[in-house]
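Look at the two complexes coming up: subunit A is in both, with subunit B in one and subunit C in the other.
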Partner chain A sequence: MRDAAVIRVPTRASRAIGEAAAAWVLCAPAAISLFLLLLGPTAALLLLSFTDWELGAPDLAWIGLGNYEELTTDPVFRIALRNTISYVGVVMPLSIGLGLAVALLIEGGVRLRATFRAIYFLPVVSLLVAMATAWQYLLHPTIGPVNRLLAMVGVAPINWLGSSDWVMTSLCMIGVWENLGFVVVLFMAGLTAIPKELYAAAELDGARSALDRFRLVTWPLLGPTTLFVVTITAIRCLRVFDTVQALTRGGPNNASQVLLYAMYQEGFSYFRIGYSAAITVVFLAIVLLLMLIQTRILDRRVHYA
Partner chain B sequence: MPRDTGRAILIEGVEKSFGKTSVLKDVSLALREGEFLSLVGPSGCGKTTLLRIIAGLESADAGRVRIGGIDVTGLRAADRDIAMVFQNYALYPHLTVSQNLAVPLVMRRLSALERVPLLRHLIPGHKGRCAAIDAEVRGAAEMLRLGHLLARRPAELSGGQRQRVALGRALVRHPSAFLMDEPLSNLDAELRAGTRREIVELHRRAGVTTIYVTHDQVEAMTMSDRVAVIMEGELLQLGTPREVYENPVDLRVAGFLGSPRINILPAVATPEGIRLGGSLLPMRAPLPAGARLSVGLRPEALHLARDGLAAVVEHQEFLGAEVLIHARLDAVEARVTAKLGIAAAEPLRLGDAIHLRADWRDVLLFGEHGQRILAIPAETSLDA
Partner chain C sequence: MRPGSEPSLLADLPRLALLGVGAFLILAPYLWMLLASLKPGSEIFRDSLTLWPERFYAIENYGKALAEVPLLRFLFNGALVCALILFFQILFAAPAAYALAKLRWRGRDLLFGLVMLGLLIPYHVPALPLYVGFARIGLLDSFAALVIPFSISVFGIFLFRQAFKSLPDELIHAARMDGMSEMSIVWRVVMPNAWPAATAFATFSIVAHWNDLFWPLIVVQSHAMATPALGVLFFRAEEAGNDVGALMAAAVMVTAPMIILFLLAQRRFIQGIATAGLKG
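Our next item is the complex of A and B:
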């Protein structure tokens, strides 16, 4: 912008300064709100994580990396981190794999596409806390239909949400149910964008089986969609909180602790804001790392234009 | 490149409707071995549907398709041994040019197991087969001047280069027939003329039977051995470009082929001859007196004369070697276009009154329903 002005009237540098000033004024509202709403709070969070501030405390002290040191020895945090990572590791691939399969089946059929799409999308639009109540009933150890069905094939009742061996499995199943519809809808949108002529060309080129056509056309052309789905699902899984809050409260005996629930407990039950901020910083670092992998590495491999 | 023996293609009584709309009505067509045939017609006439039925991408409601004497009606596209060039090229965007060219060979020659990454190296003979495919891809690429582009992806190519990749992918495996669906329509005018010649030369060299779908009559006329004119789902005429131009069997064929368009004028049959406005054409038609008909006059068939059709010059277009004269015929309230030589058109000015004439052999007569009527000169009287 400034260069152009200089070329047009090279003798009048003041004009260029005026233009630059106008540019600053014009982008000020966006820049200020960006700072106030996003960057400022993040910076505050980062600063808080270096203090020992507790909610309502009259003063706070700078303790440097103290909170982070405590994190490395805190068993609850360690469980939360491990549970969160395994939750992402189980729920993300399962919901993406199942979601792609369901999307392909719906797209491959002729009738009721919109109906199926709506049905699969229901969990996304419904209030998860309310749906958690339904899950609580379904998974109830004595009156729950799941255990009753299992009893019919001779399986002893399982305490889905109350036993430390099963609680994460149960939460993962609910997580897949919660994310599946979202993934299906995104993949269906991606599938409709693939030019039909490519399938005709593949058929004429000798791609006889559905698997051949999937490998030659569908999977590569879904690349950008898949990358987006992976990123968004990973972040949605990392953020797992409401099912834990509604169903298990991190229990039994911290067996279902996850990052955001630990952060919530530290910050809002024990009022240790500084420590809670440190957990949040760890959470943000993981999210940023995922974004970096997406934009720097994978993005180049899925966009062909 | 070895010259392939193209196969004959036979289409018998093909019909197709989408819902209640009938798009193909009893179309039959026979292609000789190695022939270049154009399916030409306005958009929506059913020519692309016919091509897709021949390819096996669409199934016909009735009728049969035979390629090289074999009934392929029930075969799927992958088993018909034909290749197709699509209007938007349909290249695989994630594959390089050489990978795109190799797809038809890889799909046909390597087993499903051999196409699995990593596992492929364990299968005996794999290296040899890959080297053979590679050599053939290079051969096809050289022929189409794509040698220096082999490592690029389609997005990095110009329209003309993409078009050549699509052609290469079709001819690399020596199919028994080529089907082309408006392959030039996405190219600019200059490139189109060059590619037209290139496709014809390629066809001459490879000798593969080719069906070429286009709505552009210039492409159809300049490239084909024979032209099939399709309109509203009907095959109206099949013949060499010269036959369909000089001897159209239907008013619609006459109107579609030729640029500038043929002049169509209303006329009436009388015992003395064909009455066109105030003048009498010295020819007779086997029609009852008073029957209405259409007279078709190609612009180049008209010349200036001392008497004949009286007209007023309204507009002139200078084309270099010729001049197009657009004139008004007051007698029949119509406009005609005449293509005249520079010398003949030189003295004409806008508003000049002129007289136009045509040799009777150049006059095309069409009946009330557009059917062609053969005329005879007035001297050889019908009754005599």
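Our next item is the complex of A and C:
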């Protein structure tokens, strides 16, 4: 027995060392690439946003908040910021409202459930650039089916993507089309998690109508899901880029500029790295702000489940 | 809704009708894309709203799409890039996730904190410095440039860690008793037991990278390296891009692989992307 005790002590210690060594070996590839490809470049981006560096320029100077000051007076950036915020402000609530309605309708019965879920989800897995091209054809001012349908009811042709009055509306429509299925699937997952007995209990307590049951059971219990869906959808909307690149390139006359497209143009077309970095920092700041708000609300309020 | 109390078809009709209208609106772009890809230009440009093609022009449209730009090459590139990215993501993420979930060591909380920090950063943020870096070492316009930035997936680490944590410790102790190294425990014991997480992650990763435009647009210039998303833009820049029928044919061909995969493995796809949405 004594011998065993003597032997066990060093074994335990060496196992702890062995475990730590093994852990470092296992984590090394991930940790190194995490620094080299994500955290390091992000730190570099922050630093670059305080410089006037342009790609190809021999040297760079520290200009402090110079780029950020320029942002406040840059008309293109102001349009991009305003458009991005209104894009989020339109697409996010519409996708969530319609998505919740669709999820409730699909969950409201058994027939064709999988079929509908698959159909609504289809845009999420589809190559957005290709589908944007399909939308371009649908929305074409002369040969597009949408205008031809409208012509049948006497509406004059609309230049959906070519006029500055309509272009953001069109992009928002495509945005809702693209995000709806994502929201539907998340809400369906949230709805199946609600215990069925609660509906029976609510009915016993006098919640006769479907609306009452929604107000008393579904909506409160869906609280945490809704909060997630709001944040995730807002961030997805904030990243709008593909449709802009494929359909409008920010035009006409900057009417459809958005944050990531402005960042892309400044950085990769004009090679103004420092300035583009400052736009990216603004983009990151908005993403972080949204996540912070979510965490705050989560901590404080949504404790139903 | 009580189980087993399926309403009659008649009572169910309003619900189905509403969902049907919505489904039609969702499917409309697919429908017109597909039909236009089967029509000659003269019918597409004709001043009326006809659905079904009078003259089938599929061979011409699809032939032109394939001849004008190397579409098959784009599809191959897309598949290769997605496969390589997924391979490296799992290769890097799974061992780290195992160490974070099941081993006790100093630095674990720090690394996990950094992973959580990484989860907050959209991939557009490091793009600019990465581009400069790849330009410096002359790696632009290569598979390396398309794959390397995504070889680390903080979301993958997070997801696998969750999955590994729920596995019983006895499983791992038993494997150690058998003399397995920690690395072989990861690949031969832990991973096979976390299959749902792995497939969910795989579908999420494949969809994200097949459909990604932003990064390929930045680093790729040549047709030889183009992925499907970029291929669509290249095609439109060519003369054939004005031929709506051929353009729609090209769009159908690059969209089809993901849709077919999705229809084959719906459940996995939805699960994968929904988990990503909820936790990423």
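Just a few scattered comments:
In this section, the second predicted complex is superposed on the first by the 265 of 305 C-alpha atoms of A that agree within 3 Å, B and C clash if a C-alpha of one lies under 4 Å from a C-alpha of the other, contacts with A are read in each partner's own complex, and residues count from 1 in each chain.
Keep this in mind: contacts are C-beta pairs under 8 Å (C-beta built on N, C-alpha and C of every residue); 3 or more make two chains touch, one makes a residue touch a chain.
Predicted model only: the values in this text are computed from it and were never measured.
Partners subunit B and subunit C fit side by side in the overlay (superposition on subunit A).
When the two complexes are overlaid on their common chain A, residue A:V153 makes contact with neither subunit B nor subunit C. Of the two partner chains placed by the overlay, only subunit B lies in contact with A:D205; subunit C stays clear of it. Of the two partner chains placed around the shared chain by superposition, neither subunit B nor subunit C is touched by A:I297. When the shared chain is aligned, subunit B comes close enough to touch A:V217, but subunit C does not.
Between subunit B and subunit C, it is C that contacts the larger number of residues in subunit A. Contacts of A:E19 after superposition: subunit C is touched, whereas subunit B is not reached. Think of it this way: put the two complexes on top of each other by chain A, and the tightest Cα contact between subunit B and subunit C is 7 Å. Across the superposed pair, subunit B and subunit C both touch subunit A at residues 200.
Interface of subunit A with subunit C (complex): residues 16, 19-20, 22-27, 29-31, 33-34, 37-42, 44-45, 48, 55, 98, 102, 105-106, 108-112, 114, 116-131, 133-135, 137-138, 143, 145, 148-149, 152, 177, 180-182, 185-186, 189, 196, 199-200, 228-229, 232, 235, 239, 241-242, 245-246, 260, 263-264, 267-268, 273, 276-277, 280, 283-284, 287-288, 291.
Put simply, subunit A touches subunit B in their complex at residues 195, 197-198, 200-209, 211-212, 215-217, 220-221, 223, 304-305. Partner subunit A is touched in their complex by these residues of subunit C: 1-3, 6-7, 9, 12, 15-16, 18-19, 22-23, 25-30, 32-33, 36, 44-45, 48-49, 91-93, 95-96, 98-100, 103-108, 111, 114-115, 117-118, 120-122, 124-133, 135, 148-149, 151-152, 154, 157, 182-183, 186, 207, 210-211, 213-214, 217-218, 228-229, 232-233, 236, 244, 247-248, 250-252, 254-255, 258-259, 261-263, 266, 269-270, 273-274, 277-278, 280. Across the complex, subunit A is touched by residues 52, 55-57, 76-79, 82-84, 86-88, 90-95, 103-104, 107-108, 112, 115, 153-155, 169 of subunit B.
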